[in-house]
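Two complexes come next, and they have one chain in common, chain A, joined by chain B in the first and chain C in the second.
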Partner chain A sequence: VYQVFESVAKKYDVMNDSMTLGIHRVWKDILMHKMNPCPGTLLLDVAGGTGDIAFRFINYVRSVRQRQLQRKLRHNQNLSWQEIFESYQKDKFNSLGDSQVVVCDINREMLKVGKQKAQHLGYSEGLSWVLGNAEELPFDDDKFDVYTIAFGIRNVTRIDLALQEAYRVLKPGGRFLCLEFSHVSNPILSRLYDLYSFQVIPVLGEVIAGDWKSYQYLVESIRQFPPQEELKAMIEDAGFFKVDYENLNFGIVAIHSGFKL
Partner chain B sequence: GRARPSHSEPRGRDGRGEQEEMEGWHQLYPGHIPTSPLQKALLAAGSAVMALYDPYRHDMVAVLGETTGCLALPSLRDKMKNHPEGYRILQERPRIRLSTLDMARLQGLPDGSLGREYVRFLEDNKVSPDTRMPPKFVDDEELAYVIRRYREVHDLMHTLLGMPTNMLGEVVVKWFEAIQTGLPMCVLGAAFGPARLSTRKLQVLATELVPWAVRSGLNASCVLNVYYEQRWEQPVESLREELGIFPPP
Partner chain C sequence: PSHSYTGQGGQESEDYESEEQLQHRILTAALEFVPEHGWTAEAIAEGAKTLGLSVAAAGLFHSDGSELILHFVSECNTKLSELLKKEQKLVQLGEAEKKPIDEFLRHAVEARLRMLIPYIEKWPQALSVLLLPRNIPSSLNLLTSMIDDIWHYAGDQSTDFNWYTRRAVLTGIYNTTELVMMQDSSPGFEDTWRFLENRVADAMAMSNTASQVQSTGEAVVQGLMGAAVTVSNAETSRAVR
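Our next item is the complex of A and B:
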């Protein structure tokens, strides 16, 4: 799996856009809206390599924070100048409201691409990059408010271990969110989806990234991944409560969610 | 039904055997990736576009050649089979690689000999025969060798025609190869290659070089039927005469 992603890292984003015709951006936006983080949230994004989820998180809390600050300022109309000055000082340099995201990935190349993207797009504060394995996270217990893994869990050899680790590092009350390719139950759509996956995607891989085999692997790993209900059961086994899933695009993609209580 | 790999059995997720497991079906030679007709069509279209968009993607030119060569390659192979020297090449399957070429010996050969001029060509243009893509999408093991031979002999074409590896030289060689092999990739390269040349070069191309290349291509016997590895000492001029390639302008 490691070698697949080494060669894939640089062209990852281009390939994602071509394979999903840009729809993967919408899926990730939906994930963020479902998460609905408030400022002050500490997020762990596992297998987050090139930073897509992390950047969306930062944008989201920044805009929530903006609205918070605006509301605060409006309520401060009747304060003394001293009080306004003080509150302004406190909030001015806190555009993220102490929110933080830690991007963890097993692959150095993916992290490198992510860091470059962050620099290029101007993301600096509230972001850290850690090399680590989802099956054995380099973090203490009960640390994070939210754990996300977007299109990464199907590449983990022992999903149960990754889920256990997710449970461990989350604070009580923390939320587990998983965005992943899943199973299409509709038979007609399923056949069309299979046709597209097996006929078109490896060709795209060869033409765009010069790498047929990695994308053949990708398509096959999607088929082998547990379907929605099975994954839900696995998440429950790890100790999560209120586990549920939401199908996107008829099950091509699903968001699973669970809470550590 | 379409030729598709079976994907319904669950497979172990250890990365160790993933290469063999993925390619376990119908792999005819190392590096072979079996493809359905639809995939070949998509590859042909995609590689054509990408090759034009990014001329440094030599792998795309190679893929285009493989996916469109289904008519030309068998006829090329038959030409080889029906010729004593070509037949021997098909039997013995020689490969032109830096590891198999005795560079020192070739350099020591007299000027004007095939070996000396070939090495000179490689040095002057800073190219190596080892950078040719191995075939992936040809669904016949012998035809895969034929296209591989064609790629490895390409530098010798340059030497025989006296053309450098700049855009102009490459286009001229493509015209020659298009006539000789009938590979659609050569035809497309010959037709679209000139698009990136200046008008001055286009003039030279159109008035002198292409007519010469075409005449030589038509007149010459099949260049893949020459066992080059056994002819290093032969003077280039004599080989040209033997094949029927007219002296370059």
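Our next item is the complex of A and C:
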């Protein structure tokens, strides 16, 4: 798995765009919307290598924070100028409202690409990058508000261990969110999807990233991955409550959610 | 599924709490933050925090605050029931005078509406959420059971009205008074209570006419249409403000 991602790291984003025809951006946006984080949330994004989820998270809490501050200012309209000035100063340096995201990935190359992207796009505060294994996270218990793993869990050898670790590091009340390729039940769509996956994607892999084998592996790992209900059962086994999933695009992708209660 | 709830000290307590009970507790805790944050996921997140849970627990609920509002309405209805039951007992024990029907209705509606006062600024927002198609079955249910409850405690004086009119009449009185209250800026809401007095008096006068069933039905429908328009206007003007 490590070598697959080493070669794939640099072209990861480009390949994502071409494989999914850009729709992966929409899927990630939907994930963020579902999370609906409020400022002050501590997010752990596992297998988040190039930072897609992390950047979206920061944008989201930043805009929620903006709205919060606007509302506060409107409320403060009866204060003196001095008081308004002081409250503005206090909040000015807290544009994220203490929200933070830790991006954890097993692969140094992916993290490197992520850090570069962050610098390039101008993300500086609220981000940390940690090298780590989803089956054995380098974090204490009960630390995070939300744990996400987007298109990463299918690459984990022992999914049950990763789920247990997710449970461990989440605070009580915390949420587990998993965005992953899943099973299409509609037979017609399923055939088209198979055709696309096995014929087109490895070719794209060769043309764009110069790597047929890695993308062949990716497509096969998607097929081998447990379907929605099975994954739901595994998440429940790890101790999560109110586990449920939402199919996107007829099941090509699914978002599973669970709470540590 | 019931599971053991880990208390403050990290000790497992003997109380088993269901998911539903926990959600109930979160929503109750969230009410405290409604005046500041409105009926939103933010208020729920703050509520969860006070219980020692992560803010992510707000994800258990809809982001439009529907459950929070329905929870509040249900709690208010329960409080009203308990109040009326207590007063009924006092009357049965001979410790209090039995109120005449018009006074009783006024008292019950006023008591129920007064529960909105701490949240009155954000109540128009709540009303519009309750009118969402998804929520209408639940909100209508809560409304009718509250109205039926009041009639139940009104006792046998209520036989002046026929059963269907009773519900419609009181629903109309309640809804219109609620809307007046949203726009009322008089001290202690005295304008609202005067409006209520007049509406109840109208209803009493109406009960003496034979054509009440049909005309009441029509009047109530018109009242509710007007209500929907008023609420949406109130919401727009509030947003502009």
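Quick note on the criterion: the second predicted complex is superposed on the first by the 260 of 261 C-alpha atoms of A that agree within 3 Å, B and C clash if a C-alpha of one lies under 4 Å from a C-alpha of the other, contacts with A are read in each partner's own complex, and residues count from 1 in each chain.
As a working rule, a residue touches a chain if its C-beta (ideal position, glycine included) is under 8 Å from a C-beta of that chain, and two chains touch if they have at least 3 such contacts.
Please read all numbers here as calculations on a predicted model, not as lab measurements.
Superimposing the complexes on chain A yields a three-chain arrangement in which chain B and chain C fit side by side. In the superposition on chain A, A:172 makes contact with chain C only, while chain B stays out of contact range.
In the superposed model, A:30 lies in contact with neither chain B nor chain C. Once the two complexes are overlaid on the shared chain, A:130 sits clear of chain B and of chain C alike. Rounded to the nearest 10, the angle at the Cα centre of chain A between the centres of chain B and chain C is 150 degrees. In the superposition on chain A, A:204 makes contact with chain B only, not with chain C.
Looking at the shared chain after the overlay, A:189 reaches neither chain B nor chain C. Shortest separation of chain B and chain C in the overlay equals 33 Å (C-alpha atoms, whole Å).
The touching residues of chain A, counted against chain C in their complex, run 34-38, 40-41, 68, 144-146, 170-175, 241-242, 257, 259-261. Remark: chain C residues 1, 3, 6, 19, 22, 41-42, 45, 48, 51-60, 63 touch chain A in the complex. Residues 2, 4-5, 7-8, 10-11, 13-15, 18-19, 22, 33, 36, 38-39, 42-43, 46-47, 49-50, 57, 59-60, 63, 136 of chain B are the ones that touch chain A when the two sit in their complex. Against chain B, the residues of chain A that register as touching in their complex are 1-3, 157, 198-200, 202-204, 206-208, 210, 212-213, 216-217, 220, 223-224.
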